[in-house]
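Remarks on the structure that follows.
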């Protein structure tokens, strides 16, 4: 977090930190070169949130090394699409690390690292099977300091379920709508609210849903303006963007 | 219509028609070979409705010749996707012919040719731009003897418009839902009624609607069962099928 | 089923049920909120058939909990795409539950819950490999109270097999045609009958069948009107729609 | 605008408006049924902005009629994808109407109809050819009361052009990035800022850009979180969403 | 034709042709370099048929120049996808040139240039609109010396039309089946005969026929073996291949 | 085989077979209904070759039952895409059954069942990895009585390998070209010969070969006429068609 | 060109240019902001070649303004995909401007602006219809100072045409292969040479060539290594890259 | 390598090698026919590098046999996409064989077989997960005698990481850019350098990256000229081409 840089500068100015230690901290800016990875230590300063590790395609060893560099520099580590094996391995080095299993997120957060935000983000799903994606969004939002509420399984097959919750929709500042199959829920919700809607197509479905292409196109073509779309199953991206909007 | 065959046989039996004339009529069964076309005169007997002419790719001359053969045999001529030129040309030979311009249907129907059906078919559109497809369905339905009502421009961007019409939805025996862009209306309507829903994706939209692929996929993946889909912009096919269901 | 609501109201009126018990039953209308799922108890009233559970993406635990809520309210539980594990787990709680293995449907149906329908639905397949989808349609139809007959393996490679069965095609009130590979059977059957045809493309095939896209497009473009299409492998949806038509 | 309803109620309460006139105004809520269109007069109340007319597929006559209903009820008329013909026709009835030609937007806005917003929205394009889409976004934003700045032709072929403008990027509250061809600019911009980025793929390009699919996929797969995507060439949708975020 | 080379050699041997003239003729083997084109004069020797000119993308000037080179060398000129303009221009230089308008083929054939073949090729179409493609095949076949019969408009919507012609199907040595829309006719015909079937998908259709992709996939996935497919609308290629098979 | 029917009729006429036995044999014409399958016993009469079993999607039990019906009627059983398990199971009932493992074909052929053909079919592959498909074609061809030669691994990366074999190409009556990756070999071979070329795209390749779409399109668009294409990996279909051509 | 900057600096140093004039020249570095365009004057320094104008989507006015800024700064103006109208308009301001019509390139080049390169680039096409793309490459290469030779119309339908030119292929330092339809020529050429091959798919073809997708995939999947692909019809890009390689 | 042929000829001329032995060596030119494979021994002469074995779809036995033929003839064996099993098996016959595990390349190189090249090739990746593809390129380049440097994990989410390395980019003679997800890095790098850029899309990503289609399209549509693209994950092809350019 930018907090770490700030703390270093304050420590230096106040005399509580030696020039050597400050230099040591700052020399990894703007990134730390590990050979197989350039850890973007500058990101927290630039974007308000440190680099997040996307697990697929990385070896557990690589993830451990990058994690150590991030924690050496920032107060916050987030690893997405992480399986239990990654969690167990990091647990050995960082006993306080946590694992949100359904969300597949491993994270470690120092108490003071994130400022709480005032707005409310609502995470809505069309079906129960969309929950892993929704949880990825929810956990991301909470780590980033947002108030979150959820409204799961209110798909358009029984539209009274979402109409019945208009009061919850109305009090939200940002709405994330997560749906697979035909993905119609995003348009419907957008038509009911005056807040930005982030739509997440999911790969829930079969046959002509083509692994999420069907809801992606549905959401992309929403007849109701005020909707934008992130990648299929990208709960993290939706949560991250909602948090930027919620500032 | 099968009526023509029946009338021939009755005429023969009752002595009002000579064997020669009857033979003459029947010799074109089961089809009349025009070289470039085999007019399926048997279709009315088999399917309860004579062959319908789909205009694109046929020359006006070919259409005129096929029309004459159909009218020589059946009491009902229907030409779809017909422009005004085809209409004008046929008008010369058949002064009673009619043209439903928005529906692009040219037709000529002898008074007694179709039995009226009891059920009600409701044609619903998401937007005003879907109307040509809807009119193609509506005119087809009326020619085939159905009672039809329409509910246009009730897309999900303002869902109260369709919820407000639940009483109309409930009294229909078959519902045709026509929508372009994201095509979400079919799922929503299907979730509200206990009647079969025929969904027609339209090419209304732009960009990632890909000429109707987006609503086609949406409708195909409807999370609400009881929906089946016809080709993009196929108002005729939807009307035809609804009429078969309405028997 | 709507039956349950009716029984409650009758019970109350006749004095056989206390106000408390009736209230307890009705408080779950229009849906029961389980957090991860909103069970749509209102659906039977609205659509004539209770909510059906689509298994993929749900944990066995979630399925069990939703099943219990549905059975507490309706006389009919249907779970599609269910494997044997789900069946065994529910069997413990509901000994009378049944499993149609080829159809992958788990169901429990109280004797009086569905009214029998008069019409006949015919389920036709092009090949033997299309049978799991056909059985999903057949079992769905029988649960919903329809008379069903089947005509399996009559694909167009040997067209005399289907032509030979015209009498069966003619006596049906609705025809479901299920085919993979090139899916030509739907057009052929539709050209032979005067009844609505519901076409189901299947993922049977290889190479350029692209998991069912080839037969889907074939069916969508049928040169014979009177055909509508449901999702690839969606036997349940075809059966459900046929049952709505057969009312 | 909701303003109109409020004014009616205040007028009524203060005695400045008769009950008859108020009723007359309110009877078109929640929508006005024109047969071919249901004008969603309730939308301003619900969403904070009245219905916007999307021109393609509508006849000029239909657009005129819908425009009159909207202006009878709201202080703000917006018509997108409008050609000069539509503008000229409406000009006759509404002399104060305006036309933003490059943006293809016709609009008429009563002075007090929209509250000004504090935040700044920045509209960025990769190339000069993306300008019509950018102007659609910009005009939409200005009508909706936002402060807007533009940064055109800063595509990644000369990345110093966008890096050089970091100070402008940093002062924006929302950034809209518009790009055709390979659409890489959205990821790059998102990596530089801590604000939400709305990405608009355009149909600018040829060959394997497939009318905008290439930049759409690029933006959808952005390796930098904080980006969401709207439909190809959808400048209006991007502007609308940015305005909702900027509240 | 290889005839030309043979004639040259015979002429030389018999003393009727001077060495100089023979050399002059042979110096353009194996191809004549026109800069913008290398006319493949060797093709007739190698493949039994001279190079054929595909018009699109070539200027009329280029076509004229290539035509002259081919006629200087071979007894047979064939130009496909040719419009009337090309025909008129060549007519000036070669008064005996002919134009098959519906087939869009311009050709000039010296009397003795092609040996007649014994077998019969049957060209079948599903609809009247497929005729231009069918005529391209038919004219190609006749130029190449084949006996051809046609069977037009026998699509599967009225399957008795093709079943009724089994005797014609059976007497053919090769069958070309041409169909747009869903393209089911190829499978059906193949299931009826013991001869090779060449299937030609056409761009006849709309919506989900995607310019011929639907029938192409249908034909590719034929459940009946003995079918192979050529490009969409490629009547020439089908005729050419049928002629090779008919040798 | 048609042989079986002929033998029955001869046996009956000559008095060697009782009417009862003949009737018993003929009652399964034109197909035997097994419920899950209609075995097309008429196919050998109609097409010159009995029904072939495509294994995927059928249970081993179903395959055994269909196999028995075919062998009860015809002298030839062919099962494609068969794994060793199917072979072992059938081996128990039919000890003479054979398994071509690389070709994945199980077959049993009575000595006199197929007439030998005079022509030569050449099977060419671009690479070693295309061999399973090539072997499927080769074994099919041999079962159907054709002379076959093979030319494997002569892809265009080293074009001298195929040019060097022109004499073999020239003596063939039909050429099957099998290639994955970019599939260019079919065009090249077709340009060298005056015989029909059947092209088989294979799923050999990765990335943008999209499981065989790349070579399929290549072959479909061959600039050299005289090529037709069968489904991806469809060695059986290519062999079958080549055999029909080779009659 | 970087030449301009160098000249300025030399002029300044030698006293031939005043500080004011030098400043005036340099103040447009690294780009000139025209509002609708940021002319990348730094590009010549960075990439060795100034910005090139891609015409589509730009108004003639915009092109004129950008052209003037480029010529004020660099010795070389290149405009691609330019029609005759753009040429005529610029001709008024810059009489020495030239137009390569088939290549659709407008350019103006000061005599000393580009260093000649030693290597030879060979531009090969499969057909005559590929020439506009080839000419775009050729003209680009010549403007950039390369020696170029062309080899047109040597597609694989007559493979001896390209084999016959091996000596030309071998003397080239870079080969550009341009082909539509099935695009097989790139693989074949690559297999014959030891030099880098740049492949350009063209939109020449019809049906399943899908506007150039077929040759694009063919080239992408080349079984012969040493090939890379640029966008469909992108002759400019191929020429530009070949010139970079030829340095 | 061509070295082997040269050595044979020198040996013969100098009398150090018998005619018999030379003949024995040369008789496998231009290829060795193993039946299932034609080993292209001529390739080293023609292309400067011997045939490389692509493992997928070949049995280990086939790979061993082809390897032996190549090593009998050339001083260099390269096997791509090879798993550890292939390595172990070859290790038995060729103890000096090596395995680059992450690159999945098995190779054996005689000391003198390749000439070192002067130029520098830079291999750049967007992320850590792209490393296996990058290593395939790097190892290929080193085997072919190139100097290689790598720059891993410098994707555009933190663009300062690549901008910071401009000095490395500038000293390279060829740059290979490897990226999955949105693949934007290729355009950015190309805009910074004056050297040829070879772009490799990878299958790293999920959802709408469609296994590498998204970065492939991105790279294909690069707004910065000087980029060409190889197949998805084709590190070998990129390395091979870079080596040809680096000659």
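Things to note:
All chains are identified by letter, namely A, B, C, D, E, F, G and H, in their written order; residue positions are counted from 1 within each chain.
The definition used in the following text is that a contact is a pair of C-beta atoms (placed from the backbone, for glycine too) under 8 Å apart; a residue touches a chain by one contact, two chains touch by 3 or more.
Source: prediction; values computed, not measured.
Among the remaining chains, those touching chain D as well as chain G are H. Distance between chain C and chain G, defined via averaged C-alpha coordinates, is recorded as 61 Å. Put simply, the C-alpha centre of chain C and that of chain D have 44 angstrom between them.
Between chain A and chain H, the centres computed from C-alpha atoms are 38 Å apart. Chain D has residues 127, 157-158, 191-192, 207-209, 213, 216, 220-221, 231 in contact with two or more other chains. Here the chains touching each other pair up as A-B, A-C, A-D, A-H, B-C, B-D, B-E, C-E, C-F, D-G, D-H, E-F, E-G, F-G, F-H, G-H. Put simply, chain G touches chain D in their complex at residues 30-31, 35-38, 40, 42-43, 51, 54, 56-58, 62, 66, 201, 203, 211-213, 216, 231-234. Interface residues of chain A, counted against chain D in their complex, comprise 46-49, 52, 191-196, 198-199, 216, 220-221, 225-231, 236-238, 240-241, 244-245, 247. Every residue of chain F that touches chain H in the complex is listed here, in rising order: 127-131, 152-154, 157-158, 160-161, 164, 180, 204, 206-209. Interface of chain H with chain D (complex): residues 126-127, 155-159, 163, 181-184, 187-188, 190-192, 205, 207-210, 213-215, 217-224.
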